[in-house]
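Letters A, B, C and D mark the chains in the order given here, with residues in each chain numbered from 1 onward.
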Amino acid sequence: MFRKIEHRVFRDPVHGYIHVNHQIVWDCINTKEFQRLRRIKQLGASFQVYPTAEHSRFSHSLGVYEVCRRMLTEVDDLKNNINDYDKTLVLLASLLHDVGHGPFSHTFEAVSKIDHEEYSEMIILGNSEVNKVLKQVDDNLPEEIASIINHTHKNKLLSQIVSSQLDADRMDYLLRDAYFTGTSYGSFDLNRILRTMKVVKDKIVVKESGVHAVEDYIMARYHMYWNVYFHPVSRSYEAILTALFKRMNNLKASDLMNDYPLLKEFLNEKTPNISSHFILDEALMLYYFNKMQSSKDKVLSDLAKRLLNRKLFGYKDFEDMAQYEEICKLAKEQGYDPIYYVYKDNLGQTPYSPYSKDTSSLIYILNKNNEVVELSKVSEIVSAISAGKEKSESKIFFPKEIEV
Amino acid sequence: MFRKIEHRVFRDPVHGYIHVNHQIVWDCINTKEFQRLRRIKQLGASFQVYPTAEHSRFSHSLGVYEVCRRMLTEVDDLKNNINDYDKTLVLLASLLHDVGHGPFSHTFEAVSKIDHEEYSEMIILGNSEVNKVLKQVDDNLPEEIASIINHTHKNKLLSQIVSSQLDADRMDYLLRDAYFTGTSYGSFDLNRILRTMKVVKDKIVVKESGVHAVEDYIMARYHMYWNVYFHPVSRSYEAILTALFKRMNNLKASDLMNDYPLLKEFLNEKTPNISSHFILDEALMLYYFNKMQSSKDKVLSDLAKRLLNRKLFGYKDFEDMAQYEEICKLAKEQGYDPIYYVYKDNLGQTPYSPYSKDTSSLIYILNKNNEVVELSKVSEIVSAISAGKEKSESKIFFPKEIEV
Amino acid sequence: MFRKIEHRVFRDPVHGYIHVNHQIVWDCINTKEFQRLRRIKQLGASFQVYPTAEHSRFSHSLGVYEVCRRMLTEVDDLKNNINDYDKTLVLLASLLHDVGHGPFSHTFEAVSKIDHEEYSEMIILGNSEVNKVLKQVDDNLPEEIASIINHTHKNKLLSQIVSSQLDADRMDYLLRDAYFTGTSYGSFDLNRILRTMKVVKDKIVVKESGVHAVEDYIMARYHMYWNVYFHPVSRSYEAILTALFKRMNNLKASDLMNDYPLLKEFLNEKTPNISSHFILDEALMLYYFNKMQSSKDKVLSDLAKRLLNRKLFGYKDFEDMAQYEEICKLAKEQGYDPIYYVYKDNLGQTPYSPYSKDTSSLIYILNKNNEVVELSKVSEIVSAISAGKEKSESKIFFPKEIEV
Amino acid sequence: MFRKIEHRVFRDPVHGYIHVNHQIVWDCINTKEFQRLRRIKQLGASFQVYPTAEHSRFSHSLGVYEVCRRMLTEVDDLKNNINDYDKTLVLLASLLHDVGHGPFSHTFEAVSKIDHEEYSEMIILGNSEVNKVLKQVDDNLPEEIASIINHTHKNKLLSQIVSSQLDADRMDYLLRDAYFTGTSYGSFDLNRILRTMKVVKDKIVVKESGVHAVEDYIMARYHMYWNVYFHPVSRSYEAILTALFKRMNNLKASDLMNDYPLLKEFLNEKTPNISSHFILDEALMLYYFNKMQSSKDKVLSDLAKRLLNRKLFGYKDFEDMAQYEEICKLAKEQGYDPIYYVYKDNLGQTPYSPYSKDTSSLIYILNKNNEVVELSKVSEIVSAISAGKEKSESKIFFPKEIEV
């Protein structure tokens, strides 16, 4: 059903090559919606801390596809238990799962109430080049692929490959983000995990001989969170982004917003359609920030300058609300509206939680007696970590010029 | 004279860390002109072939600075023969030598007659944040730094560090471009070259025991040219960019160009000033390409779509003018104006040329008898390569839809 | 006092180069006792599992020296608080701390009651080339260096550099063993740890901003233990080695042992002198194993064949003594003396123990308030791991031919 | 015919994993003759220069097998044009091609007139465990495999895989030797070469799109020769080894040689049988060197000490015979017999020679017109190099103590 093509490759520093064997995969890559991902950074604000963190959702999406392809080829239980049709489905789902991503990763989502998974679904199902490519081969494809992404597909294996605690998405981004930031934290032994993967009763599990590689993977994630994703300098950039969007929201009735017509829809309650979403990429945002620098609105102009020219907020550990209010007071006295200029965040990350009721957030191990058990039962390390208290961090961000 | 600061670093996958020890270096990095380099890709069109070639001039410029810093610290003859003032000068020159770069690397320069070196000088000397930072410490700094970049500084060593056949710029970009494309071609033994560098009579030379590392470096450059910089798919993208600029030039009197006000100046004879140059980054260009997609001008709109959505031209080896004219004729018949839709390039690269009259384009070796000789005299490989004929390549690019 | 020489280097894949600047370091490397380390594998039996784990104590010792050299150069607090004399002392101590190592790592020590640290001291203090090299410069050197190694030197910093929870020895061997086995487990961010090291009141501490790198280092160690050092196949080889030494001990009065004269001394109660120790390297052992293959003693000959030709024991998880006795019984019935042919081990490793009374086994962190606190107080991960139960493993080894 | 087993792997830093799928491959690895290769260093004397060059013929042989396996799996033309029987044959030939290697690589061969290829054949065909393993499956196997190794097998493709200008042997050793010495010279793009390999009329060729990778491979070889294999310090060690063997030859009638019984056979005209060869490994040689240190023969004892304790000869570039004779004269005056103490070598390496009459030493390219042409016809670089003069080097080695 799916036409094979002469084997094509993309060079990729993380996986060596990305291998493409199906016409439909090639065609999806060459849609305008997928090409748009080149204009969205994978790590949002991290390039402010790690200058080389400039890689895009485009190469990450190819990477997720490639890890999926390797799982389907190298893990015998997946190779033998999934039919060719379903294999192509899950390859396409891996490729397209992020196609609806907006600029600046999760910051924009937080402010605009827009959900990238919702958009991925809208693009796959709606009036898009992607949808056309899929339908040309089979009318059911868009629904099938969307159902893998939103976990409603009847073949439970497929969704686990695309998103679970040990999925192609996470396995690519840890390796990729480590490579492009130049940190070693994210590295783990992907080969070993693939070599020890099995399927037991529709569940992807790892043999006990792979437990150390899984522990390493969980630690890699933990370290990437605290060293990269949650780095205070990125959060400072995000604090300013958030403030800027807040300011735009508060100005949305004003004429001043006419200078940024393509953003206006995103400040409303209604979810904009996918053609509005399509033009919303980081090139547009940077162009608008450039323009905002000369806005008559002082707040907008100041925040935009800070983003473009790296005049970031400073920060302090959050102690209590009294401290927070004191900083707000000082900010106000020095002419900074605390609504935009004082920002408190609170971040937590649990490396792995064995008590989750959601079994999709558990990792299962096939022990030596051929029983499937939850990871923390065989891993002293994971068991210890899960019993410990969650690490969390809260900081207050505000302009360095404020004397605190 | 130059204030030392507590040692700060940027993480960098190529060099491990970028080390900053001077307040003035830190301040230059934080100018808006230097931060703008984050919005200019180092490799222009290469991301069309190597999806991860998304790194910026910003991280490259930090890398050149770092290689320069290592030369000044690790090469004893440079460490001991350059005074502290000149060391800081050359560090700043390394950092700033590309600050005037425009979008899409050399393609834009070719079309607009704009020279990035000229702009680097204009930014350093003119009304810029960079200039202010420099002058605040010493009124002569801008001129001194500019003179290193344009090779008129009296201390000849300084210019050799920044630009020569074995300079910090080339040594960074080969390693960096190899890392970010995921090709191994560009790798060579930087440590070995630094370990064998000496200074003899104001000339940077390499000891004979480092000749193999230099040979490897020359081959790295050769391979990077043919595998990355001159890859036909990049050239196809550049062919379209060139056509698009040509079209804009031909439309410059038209109202249609009012949609892209920030570009208009660049279509004139006169060199735009640095504030016009400042806003010209790839974010702006991509935003304009997005806008051009709905231009009433069919050519502009078609070319912009090709760039954004990767509908690139195909290509054929150039054989003779008859073949070229035949393709032009076919293009015309099928509705494509050959002025924009048929493009012939011609590229050549000599790995190394020992016969150059310009001694700055030669590499010198300190042989075992302590004589300084030109590289090809001691390297059989380089001597052989230099005697061979230059490799060159000419291709014709045109829409794949044209049936040739 | 210590003569500087023109900077010499050894190429090393782990650290790039090993840098030598002192005549005395160069001379120590060129003693016969230090060169002997080339004939002792760093990882004893691990090459039976990881075929490329063939690196020697020689390159590891150079690596420890190099990490020490980097600590003294790159950690400002060490650079500034240790005088030149003490710096050279600790460099020599790093280089020489393993000079007394015997073949097959710890297995041989276990059987022969020989302690490699004791031998290192005997070589440094006794009648050796090493001792001569040291005394030629300063009569006190041997004692000073020995006192660093055995933790009695008055400058407490020096011993911490050579052996503590975060010392040059461990930091080299994790990286090195990871590199040569081809596992990624042992990698951690050495640069980051060096960048965040400080000295507070004669204690080497790490700034809070380096805690993640320390956590990673502790996990690296944990993983290397369970994946490499404690790999059951290595333990199987060690079980056979142990049995073979046991057999030799039991035969020590017999004429059969006359074939292996150089080993006889090591089977006695008395510690052999350093000239006997000198000739005991892995070349000798392998030669003797070769010879033992034709011994009239069946056990000796069988065990030697197993070691040389990789006919290793199989293994089972130890359950209880009844199981162990059952296996012994079966072995006996099938003609295998359980004294030599059934072996039970029991291995445990605690990643890090914060409750130790020995402060030298703790890691200290300089927190944001400039207080020195024990690691588990700031690291949720380490705190969790330390609270968990220790991982331990016990296996029974016996010939695969025994049907159990 | 060849029994498949559950997929087993060896971890390998160069190739990730070595994959074993056939019982017979597993069994060959576990023969005593193959295990003996663990006791032979891959690079002979190079560990004297590159301390970590301690890897063995054992891991190299596994690596050659793995490259062969990848060629048979990843190169479609090989995968499809070689039947399963022949595939297993060539896998075994790759694995076993070096099984006859002696200690210290080529030095020993030069002195003893022993040829490792001859011994590989003798072991495969003769009374060995390897031979038994092979015959157990098929009586013809030994002859078939030997005929691949000595290029007489009727299927010409098989021999090309094992030994030709672009074979599994060279491709493994360049990568492996680069990895273990820590030099970057030997790296080239194996993936790219495999991706562009084709078979045309029983000839392995590379598509034109792979020419750059082939050029890089040729340069890698060139650099490895001059930087590693021909390093003067290794040659100095080899000069001493050669002298020591010469001395033993001259003493072969003497009682003094009774201390080294296992070597005596190798000093005769007659080729020793494979059981004598079997015990000749580097452990034995090092044990004998140790013993020779106390030989009554001064020359033997002195040379052995030099080898063990790294008191190597110094060297000078050879100028003319007058200089050589002068050094001999000085040596004699200072008590060193020039027969053993003055050594002149002469080494040359041609990166690639297109004029060879032996087509097996040529590399063929499939150009864009689907014609098979010799490499230098399409590669300007190779063409230039081949036209240049061969690089060669001659040095004189003698004790540093001789004042010249």
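Descriptive notes on the structure:
Everything that follows uses one rule, which is that a residue touches a chain if its C-beta (ideal position, glycine included) is under 8 Å from a C-beta of that chain, and two chains touch if they have at least 3 such contacts.
Small disclaimer: the values here were computed from a predicted structure and weren't measured.
When every chain is reduced to the mean of its CA atoms, the largest separation from chain A belongs to D. Taking A-C and A-D together, the chain pair joined by more C-beta contacts is A-C. With centres set at the average Cα position, the gap from chain C to chain D is 32 Å.
Chain A and chain C, compared by their mean Cα positions, are separated by 43 Å.
The geometric centre of chain A is 49 Å away from that of chain D, both derived from CA atoms. Within chain B, the positions touching two or more other chains are listed as 16, 183.
Chain contacts here are complete: no pair of chains fails to touch.
By the touch criterion given at the top, residues 183-185, 187-189, 212, 215-216, 219, 222-223, 226-227, 317, 351, 368, 380-381, 383-391 of chain A touch chain C in their complex. Chain contact summary for the complex, chain A toward chain B: residues 10-14, 16, 18, 30-32, 35-36, 38-39, 47, 49-52, 54-56, 58-59, 62, 179-183, 279, 281-284, 286-287, 290, 305, 308-311. Every residue of chain A that touches chain D in the complex is listed here, in rising order: 9, 16-17, 191, 195.
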